[in-house]
Structures are given as structure tokens and as C-alpha cells.
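Just below sit the structures, each encoded as C-alpha cells.
Both complexes below contain chain A, partnered by chain B and then by chain C.
Coming up: the complex of A and B.
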């Protein structure tokens, strides 16, 4: 308990912890700097973008240095607020990498750039969100967890509604906020129970979960469900997914791309870290997770089949992938499994961001929003269309792409546990069937691009922009990581 | 870098070259494709010539006796308590794969030569075809089951686009149906592959391995592995090994295709452009047969032995059902597509007998059907390119109008219906002998299956001869007057394409030993798995 600590000791701990906290400090400084730049310098779009880019790069470099000098054992920082080990840093680096890609994407997004308010505020909000992400990944305390999730959520609400003009956009933004607020409230309620039963907020206090041995399993499961509600909202697993398609469709494409990847990296890494202790809270944890996984895969993939709008389609596809990843949570939590989770998230992130970027470029050049409008695009655009096909192949999980390796790694991690965990076999069968189903809608895109004849497409002048370059690079990474995945494992 | 790697990656190299060349050279792409196929044919012919036989070169479950082996460590990924995923780039050939490699190279050459009909988007077409070529060669060479799977799936993507972009009217439907069917089988197979990996260890290093040759030896299984011979684990109340066999068998049965998993085939064949139909019939169906032999049968011999009756039954049903449906077709390409179902049934029947004759017959049938179905589809392509119609009743009396063409048609038809002197006769005879003797040798399949199977030959004769009579004999009459000018006889390129096929069909009919000698030691080793 905290009261046992004297002030001097606690101050010492804080000062000692500061050196481990440099990357987060860099981001905080960057965040403040951008506000100042925006206030005092006129027409500072380019400067703000560069400042944000540099901030993220510096933070990434700081993490790289930390990763290289880290000791094997974990550290608790700031009197047990944060966890510091290689696992945490690995995921932070991945989240930063995906954020960097998102930042470049934001800067190229027509909707954001042409907005009357300007894009500078947006970058400020974004950096705030990234800070929330990073603290979420390392949080070791229930309060820190809640704070981080809230920082992230508020940033996301603002980002989704940033360009609100129409009724539909407002509706999507509102849905998102209301859902999010309710989910957070439920989670907070769950966290109070956790505190009430155990008397501690520190997730790495031995007593916190052991206390649940004496609680009957129904209330324990209820507590767990409540906490999962808040987390499930961020991951958009069924039944907390209703906001996802609307928000993704109405938000600027770059924001959808950010929301579908980066928060998932953070939340999954946190949830996976706590999966083992949560199993102590309720013996039903595995069953709940597997049930949610199966349901999420089914809903995500089945609904995706019926989508006509590209962003809605990708939204449901991301729900499907969440379900697939949830299955990993039932596995014993060791460094190898973390590394598998990392790899899957890496594969999913680069593929998904690439797919969203391609959609955005096609939208800019040809005003394409739905599958129907994509007819015959392959003849008009010979650079991005093939890349989009590669991303679709990777999302389906076919060789020779990184998506296949990731899928195979998950399958092989699970198959060896089939006898140990009940319900795993039927869920695996669901996973296989939904994979086949996913082929159907992912390949709707190549089908429309290449197999259908164009009808009345307005050919606009295409400018090669920086984003094209990034897309091609991502597509190449997807292929190379599909053939030589060894190069892409950082821990 | 060995010959097998060159065989696999030469087309990929050319695919990149085609992609990088500017569009104005698009007329030269087809010559590249032909050049690649000629190089590959030369390599496979050399390999075939150099291939050694005898007890020291049996292959199957003896890793040391595979030939032209290549080994490179490839992927090392940690997956939990069983340690690293150890995936190797392991290639090698034995008696089962070497004839199919040669067949593939020849069929690719024919497909390249018949690609003259492709009129649009040459760059895409030829680079996809090269990619497909790489995948096909890889499938027959891979000895690591993961590598095999990568090549196996890699075949689907180019085929989807080749059927979907350059195909006929219902091409979108046919392409996605083909893709979905195959993927349904193969994703379940992926689970079995993962399960096998955790059940098998490399006897030398003690690590888990994807090497399929190690998977064929019961002593390499860990005692508590899910597919262990001894542990008798259950999945959903079904013995794990039984389930594993069924999953893998269905995955490949879809590819063969075996009734009732065949419904993608008529659609895909009919809608695909001629060169792709040729590759589908000539090679892709054999990948199914090869997979059943190499993976389903060799890795799960105990289960295969117990299920022989049902597998034989599926074979007989395919033979009869395919033939009877073919009899009812009025589209020439559909007819030939169904005849493929019927002929591939013999492969299954021969295999199910697990006798030396039956398995040799099955292998022979795969090779013979490779040549003959390619010939048949090319023949359909000849008419279709000229008048864009395949309806049987729109043609009559072509024999006098196109005599050389009719000559080749007769060779192809008579060879396909199993006339002595042609390869199909040897193949079907051996399959049936195997099936007939099975009752007295090992008692696996009853005699009536062989008898019913031979009715398939009779039905085959019926639909082929009837078609010959309807289209080529009698008074010359076609649907439109203008067709008569379009229906020119074969040109030099087409004759050049058909001659080697007819030559091989006759050669193997007269000297089947050319194949039997090569496969014999592997077949004998294969049978030892089941004792």
C-alpha cells in the first residue's frame, strides 16, 4: 500500500524513474511546442508537420536506445504507475511506427488539409493521443489505465469529428462519443470493484488478483466483463462494435486508418499482458474471450460481405481481424507469444494502413468511394491498383505475403493447445471458415478493379504524390516480410 | 543453386523482366514465354534422363534417396513452448514427381504456344502466367510441407486473374468459385500442417520439422503429438489422424476433382481462355493427384488403408458420373471438362487398390491424361478461336472441310477412349488390373468396383465417338455460311503444338516402360508404407 512509503523514498523513485520516461517527455514537449507554434506563427502548416514528425522520430530513437540497453527484468516506474521492459518497448515502437505512417497520411489527406480550421490543431490532438497510447501500453496501475484510455478516447473523438459538416458525420461522431463515454463509465465501475475487492490499484501487486479467490465466480466474471467493456470498445469486438463502421466511413480516411490500427496495438499489448492475471480473476476468462473472438470473427466477416462502401468494408474487416487476434489471449503469456502478437499486429498494421492509403489515393484521383465506382480502375491506375491487390491478398492471409505468415503463426500457436483449452477447436473452425469467407469480400476489390469493364469513369489528371511512394514501399514490405519474416522481428 | 531452383525461378525472373519492359515490346512477351518453357523443357528432359532408379533411389519416405536435392534454412519463427518454426527450403524429386515435372514443362510450352489468341493486356497476362509457372514447378519439387503449401496457394492468385480477366462471359463467377473451393480445402489443411509440425521431430537434430519426408516415418512422431500413431488423440470425438487424413484428402480431392467436389471444374474450364484450360486440365488436376499420393497417403498411410473402400468408391462414382454427365453435354468444352472428371476417377481407383499395378496405372493415367486433355482442350480452342462457338450441333461434316484437324481430333479421341496403342489404354488397363486384383492380394476393394470402372471406358467411347460422328462426319453444315471461310485448317504453329502431344500419347502407349521404369522403385517403396 502506498501509505507505507515515506515521502523521501517516493521522491527518489520519481527522480530515478525520469530517465526511463524520456520518450514520453519528448512527446509532451513536442505537443506543447506545436500549440505554441500554432499560436504565434502564421501559416505554419509545414512547420507543424515537421515538428510533429521530428517529435515522433526522436521518441522512436529514444525507445530504440532503451531497447538496446535494457536489462532483462522488468522495472516499475513512478511508484508503480508504469511498467518498463522490452515487451513494453517493443509494442511502443510498433505503435510509434504506425503513428508515423498515420502522420504522413494525415498530412496528405485532402479532407484534413483543405479544412477551414487548418490541420495544426489536428496534429496537436494527434500527439496528445499518441501520448495516451504510449502510457496505455506501459500502464501498471488501474488509474493510469483509465487515464490513458481516456486521453486516447478524447483524442479519437476529436479526430473523428474534426471535419464534421454534414448530418451523417455528426451522427457518426456522436455515436462514437456516446458509446465511448458509456463504455468508459462501465469500465470505471468495474475498476472500482477490483479496487474494492482487493484494496489495491497496482496491477503488479500480488494481492490484487488473488483476492478474487474468495469472491464467487459470478461477481468475479461480472467485474471482468465490465472491464472488458471499456477495452472492447477500443478494440471494437462484438458486441461493442456498433460505432466502428459509421465512424470509419464518415471520418477522413486517414483517421479511419489510424483508428483501425494504432489503438489496437496499444490495447492488445495491454490486454495480453494482463490475460494471465485476469485468468485468476475469473476461471471463465478464456471462455469469455473465445466466445467474443468467435462472435467477432463471424459478425465482422459476415457483415463485410454485404458492404458496398470501401471504408465500411475495411471497418468490418478490421473487426474480423480483432476477433482473430483475440484468440491469442487465451494462450500462456510468455515472451514468445508476445513476439507472435507483435508480429501479427505488425503485419496487420502495415497492410491495413497500406490499404487505407490506397483507398484514399484512388478517392483523390478518381473520386472512388464504393466498390461499384472501382470498375475497371486497373486500366487507369497501374501503380496503386496492384498494390491494393497485394494488401487484399495479405489481409486474406494468402502466401507470399506477411498476412499469411502472421495467420500461420497464430494457427500454429493455437493448434498445440487444442487439448488444453476447451472450446478452442470449434473457434478454430470458425476462424478457418471466416478466413475463406473473407476471401469473398477482399477479392471483391480486385474483382471490380480488374475483372469488370469500366463504365463512365471520369479520368482526372493524376498527380503522383508522396503517398504513392509510401504505398509502394509498404506493398514491397508486405511481400518481403511474407518471404523472409525473420528480418522483421525486433524481439 | 541447383537445377531445380533454376527450373522454379527462371519464370519468375522473366515475369519481372516482362513487368519492367516498356509496353511497346508487348508483342515479344509471348516469345519470352515460349523461351522460358523451352528452357524448362530442356532442364526437365535432362533431369529425366539423369534420373537414377533402383533401391538406392526410391524417394518417398527415404530422404537420402531423393535426387537433385537442395537445402537452405529459410524461416525461423518462435511459436511457443514447442520452440522455433523451422521452415526449410528443401527441394528434391523422386519417381512420383519427375514425370509430372516433365509433363508440366511440356504443358507450359503448349500453353505458351496457344497464347497467341490473347489479344489484350499482354503484360499482365504473360507475367501472371510466368508466376503460375513458378508455383507449379515449386509444388512438384518442394519437400518441405510449408514450402509446398506456399507454392500451392501461390497457384491460386494468378489463376484467379487469368480466368477472371481473360475468360469468357461468366468469368467472374467461375474465377471466384474456383478460388473459394480450393481455399476452403487448403485453409483447413493449413491447420493439419501446423498440427503435423508439432507432432513430428527431425530424427537428426531433434527439432520439430516441416519436412514431409520425416512426417512419413512413424518413429519420428513424438509420443504425445496430436497426430501421433500411438497416442490416438481425439478432436471433437473423431480420431485425430482420421480427421487429418480426411481434411487433407478433401483439400486435394477438390483439386483433382473428385465427385462431389467437382462443380467448380466445368465452370472454370469453360470460362477460362484456352491456354488456361490447358494448364488447368494438364497440370492443376495432377497437383491434386500428386498431393493425395505425396501428402494424404504417405503421411497418413494407416488411415488411407482403412478408408480404401470409400476412396475406391469415390473413384468409381467419379468415373461413371463424369462419363454420364459428359454424354449429356452439348458444349464441346464442357464435355471435355466432364471427361476429365471421369478420367481422373481412374487415378483414385488405381490408388485405392494399393497394388503395384494400380498405383503405376494411376501415375500413368495422370501423365497420359496430361497429354490427352491438353490435346483435347487445344482442339476445342482451335474451333473456338475461329468462330467463337462451341455448340456441338452447330457443326457437322468438318472432316472434309478440315482434314488435318480431323486427323488430330481422331487421334485425341481414340487415345482418350482407351484404344490399345495409346497411353490411356495402358493407364486405364493397369488401374483396372490393380483394382481387380486388390481383392485377392490385399482385400482392400471388391472386384465389382473394377467391373463398374470398366463401364466408364465404355461410356467414354460412347460420348467421344458420338461427338466425332455429330461434328465431323456426314454432310458439311455449319450454323452460318461465313464460318466456312473462317474455319481454316490448322496452321503450322497449331500442328507444331499438336504433334508432340500425339507423339507422346502414342509413344507411351507403345513403350510404357519409359515411365514405368522411372516410377517403379518409388511405387514399390510407396507400397511398403502400407504394410
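Coming up: the complex of A and C.
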């Protein structure tokens, strides 16, 4: 048996790779630093927040520098563990941007702030999760893929269960962890067969997927299904969506906002990068994905119509958006398509984070948790209520918001491919119908806010907090990006 | 002579037992044991396949990482189950059915 690389060569590769790995190193250092600050300094809430903010900002700056000096061809770092090109860095920047917004949101969240043990441990877990996200986006090896997904999962379990004073929160946390651990165990079993059939852990080895020509299509599809079980749990597509509404409803609003956007950015960018090779593994890949997409859109949007709780409604709406994005995976993998995926994820992230922020502010100020309680809110709150309406318009996908541009781009690129891919036409019809259906529940919110009479709304003293400022900025970005979308396309 | 098939067969049996435990057990700790069985099946697979890898010890290395990660996620799982037990006084996942819809 021959060895792949000799030790001198691989050491040289590792040392050469370090310079491309600076942002991840910054986050690791920040992670360790926060643990130390928390240990040695008392009442360090503000310091820990600033330290994590600075860590994320430095990492973002490092990625910006990398994006500007990058060469066109892809590099493999650390003996084939990571991929390094402009596609990867673009998505990492997006994930970092959404994480920054989430970090500010965590700091303002009432549930987390009132936690008896403080919020410092939470920031440590969060930074660990962000590290997992970034390595997931660039992973080029099965080991790295599994490692990143597990880091991300363990961080999310802890974040959902961080505040569990009540019975229901503990219940949601337990469902999440048991379901998640099962899903990742199934994914691991699938990954071992991918390793066994191809004989290599490296996903960017030219020969790896050619080996699948000799495997019969049933077992190849089974392997893919197992891998998609673990990935589908993170993306919460049907039939792996059961945890989503419970976890989103019971977790602190900021955590729901984080879970509904940032892991999806990472997993989608990874899956899109591998869609073409996976099509080589099994000819049924497109059909499986399209079937899951149709089912996810139907279940997410239909169930959302019956929801009374605002966070549960947003959870089902995010399931619907996942189904919509899944359709993009069957398209040919080129730079225009990845730019479209980037833009859709950008639009979805800012809109969804903005919507969750508005819900959190309304909850803090007016104790509003359900649609019924929102009646007549527009007269009491003249700042956040219009912003929430803008976010709802954008989530539906109507002009002049960013959601419209994103949906339009996706539809137009899918329509041009209808002849090449079977099953695409019925799924597109489902997409159009569910978009119409989504009007019912998204516009229920403006309907309750503005057109219904208030009933026993408790008016608390309203304090303008920093979060209001962020919400207004996000609403303005949603409108501007809807009119000038090219301005926001960074690659 | 023990061939690759024997290893794969034992791993498949372990995996199915694990799934069976996850679905049927009425005790969250036993569900975690089931998950552990599934992970161990994957570890066995990895080590068995590693013999045929062009690069030495790749699969064994993966297996070591998996063992560590499994320990970490079981630790987190146990903490969360313990917390559930404190609030509800049971660890039967079937009793965790207050959230619906």
C-alpha cells in the first residue's frame, strides 16, 4: 500500500495554507479569548459582546481583503481539506454579515439578557458555531464536512436550550437534540458508504465520483438519501422539518432568527457546490431534490396559513423558502447561478432577520405573541409596524422589495431550463401556487395591524432601543436593494 | 478469513438495531444509546473501508474524530435531557407532546 503524500510535502502544504486561513484563525482566537475574559473578569457582559463583535468584524475584513486579491482558479488548502475561491469567500462573507446582525440581536434580546447565568457562555457557543459554519462552506473533504456539521449542530442544540425556565422550552430543546443527533448519525452512515464506494475522503478528487458508475443506482440513491437526511435536518426540508416550528417558537426570538438564516446560507452554498458531483453519484439526484422541494413548499406554506403564533408562522414560512431554494440545486453550476443563489440568500436573510427583530420588539413593548394580539397595533407603534409590513411584502416576493427581485431571478433561470430537466414544470407550478398561497398568511399581519380594531392592547412604556434603529436600516436596505439590485451583488 | 462483507453486515445490523431503539424506546437515555449504536456502526464501516484506501489510515483517522464528536454530542444531549427531567419529571419522549400544530 503506498502512501499519498510524504511528510515534508504535506507539512509544506500546511504552512503555505495558513495564510489563507487567517479569518478562521481570528475567530478561533476570539473564541478562546472570550472564555478567558469570562473566567477572569467579573461582570464582563459588555466586554464579551465587544470582543465577539470585533472578532467577527476582523474576520469579515480579512475575507474582504482575500476577495480583492483572489486569483480566478480554485485552491485546495491543508492537503485537500478546504476549498478556496471567490465563490466560497462570497458565501462566507454573507454568513458573517448575517452572524453580525444576529450577534447584535442576541445582545438586545430580553430572554437572553435576563438569564441568571448571564449571556457570556452564549457568545462563546455562538462563536464556536460560526467557526463551524465557515469551515462548512469551504469544506472539501468528508471528514471536514462531518466535523463542521457537528460543530454547528452542537452549538445550535445549546443555543436553543440556553433559556429553559419553562416546561415547553425544555421540551422543544429535547426534541431538537434527539432528532438532530439521529439525523447526523444517519448522515454519517451514508458518508461511510460514499467513502467505501469511492475509496477516498476527498470530495475534489477527479476519480471519486466516476467510481459510482459501477455501483447500482439503487444503493447509490440510498447513500444520497442518507446524506440528505443529515443535511435536510439542518435545512429543515420535508420530511425532516418536525423540529422547526417547536424549536423556533420556544427558543429566544434571536436564536430562531439565527437558526432560520445563517446555517441555511452555509448548507445551501455547500450543497450547491456539490450538486453537480452528486448528480454523477445518482441519476435520481435531481428528481429527489425536486420532489423534496415541491413537498417542502406545499407543507411549509399550507401549514403557515393555520398558524396563530407569530414565530411559528415565520418558522413555516422559512420552511417554504427552503423548498423554493432547493429548486435552484438542480440548475447547472456556473458563476451566474451561484451569484443568483447568493442574492436570494442575501434577500432572504436580511428580510427574515428583520422580521424576527420586529417580532421581538413588538413582544418586548406590547407583549404581542399571536396574530390576534396584533389587532390595531399600527396606531400605537408607528415605527416598527410599517417595517414589519415591508418585510412581509418582501417575504411574499412583491415589488418594490428585494424579495421580488430574488424570486424573479430564480423563476426566470428555472423557466429557461424546463426542457432540460424532467419534473421541473410541475414543481414550478407548485412554486407559483404556493407563492400565491403565501399571500394569505403574510398579508394577515398588515391586515391585523392596520385594518382591525384594537382589543385590550396593553400599552407599556415604549422605549426606543438600538434594535429599532437596526430594523429601520434593514427595511431601508430591503427597499433599496429592491430598486437597485446590482449595487448589492458583490460577486 | 473475515472479509469486508462480514464487517459491513455487522455494521448494518448495528445500524438497524440503533434505528429500532430510537423509534421504539420510551426513555430518552435509551434513545441516546440507540444513536450511539448507529454511530458505532458507521465507525466499523469506516475502519473496514480504510483498508482499501490509497492513503493510509484515512478511515481510522475519521473514526477517531467520530468517536470524539459522538462523546461531545452525547454530553450535550444528556444535559438537555436532564433539564427536561427537572421540569417535567419524566424522560419519556412520548410525553413531550405539548407542542402541536
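The rule we apply is simple: the second predicted complex is superposed on the first by the 489 of 491 C-alpha atoms of A that agree within 3 Å, B and C clash if a C-alpha of one lies under 4 Å from a C-alpha of the other, contacts with A are read in each partner's own complex, and residues count from 1 in each chain.
Keep this in mind: a residue touches a chain if its C-beta (ideal position, glycine included) is under 8 Å from a C-beta of that chain, and two chains touch if they have at least 3 such contacts.
For clarity, every value in this text was computed on a predicted model and none was experimentally measured.
Asks: Once chain A of both complexes is superposed, is A:332 in touch with chain B (first), chain C (second), both, or neither?
Replies: first
Asks: A:73 contacts which: chain B (first), chain C (second), both, neither?
Replies: In the superposition, A:73 contacts neither chain B nor chain C.
Asks: Which partner does A:409 contact after superposing on A: first (chain B), second (chain C), both, neither?
Replies: A:409 sits against chain B, while chain C stays out of touch.
Asks: Quick one: is A:447 in contact with chain B, with chain C, with both, or with neither? Answer first, second, both or neither.
Replies: Once the two structures are laid over each other on A, A:447 reaches chain B alone.
Asks: Once the structures are superposed on A, label A:164 by its partner contacts, choosing first (chain B), second (chain C), both or neither.
Replies: second
Asks: Give one of first, second, both or neither to describe whether A:177 is in contact with chain B, with chain C, with both, or with none.
Replies: second
Asks: Touching A:340, do we find chain B (first), chain C (second), both, or neither?
Replies: first
Asks: Which partner does A:400 contact after superposing on A: first (chain B), second (chain C), both, neither?
Replies: first
Asks: Touching chain B in one complex and chain C in the other: list those residues of chain A.
Replies: Dual-contact residues (chain A): none.
Asks: In the complex, go through chain A and note every residue touching chain B.
Replies: 331-332, 334, 336-337, 339-340, 343, 393, 398-400, 404-405, 408-409, 411-413, 415-416, 418-419, 425-426, 428, 432, 435-436, 439-440, 443, 446-447, 450-452, 484-486, 489
Asks: For chain A, which residues count as touching chain C in their complex?
Replies: Within the complex, chain A touches chain C at residues 1-5, 142-143, 146-147, 150, 153-154, 157-158, 161, 164, 166-168, 170-175, 177-178, 181-182, 184-186, 188-189, 191-193, 195-196, 199-201, 245-246, 249-250, 303, 306-307, 312.
Asks: Which positions of chain B touch chain A when the two form their complex?
Replies: 75-82, 85, 146, 149-150, 153-154, 156-157, 160-161, 164-165, 171-172, 175-176, 179-180, 183-184, 187-188, 190-191, 194-195, 197-198, 226, 233, 235-236
Asks: Which residues of chain C touch chain A in their complex?
Replies: Those in contact with chain A are residues 15, 18, 22, 28, 31-32, 35, 38-39, 41-42, 45-46, 48-49, 52-56, 58-59, 61-62, 65-66, 69, 72-74, 76-77, 79-81, 83-84, 86-88, 93, 96, 98-99, 101.
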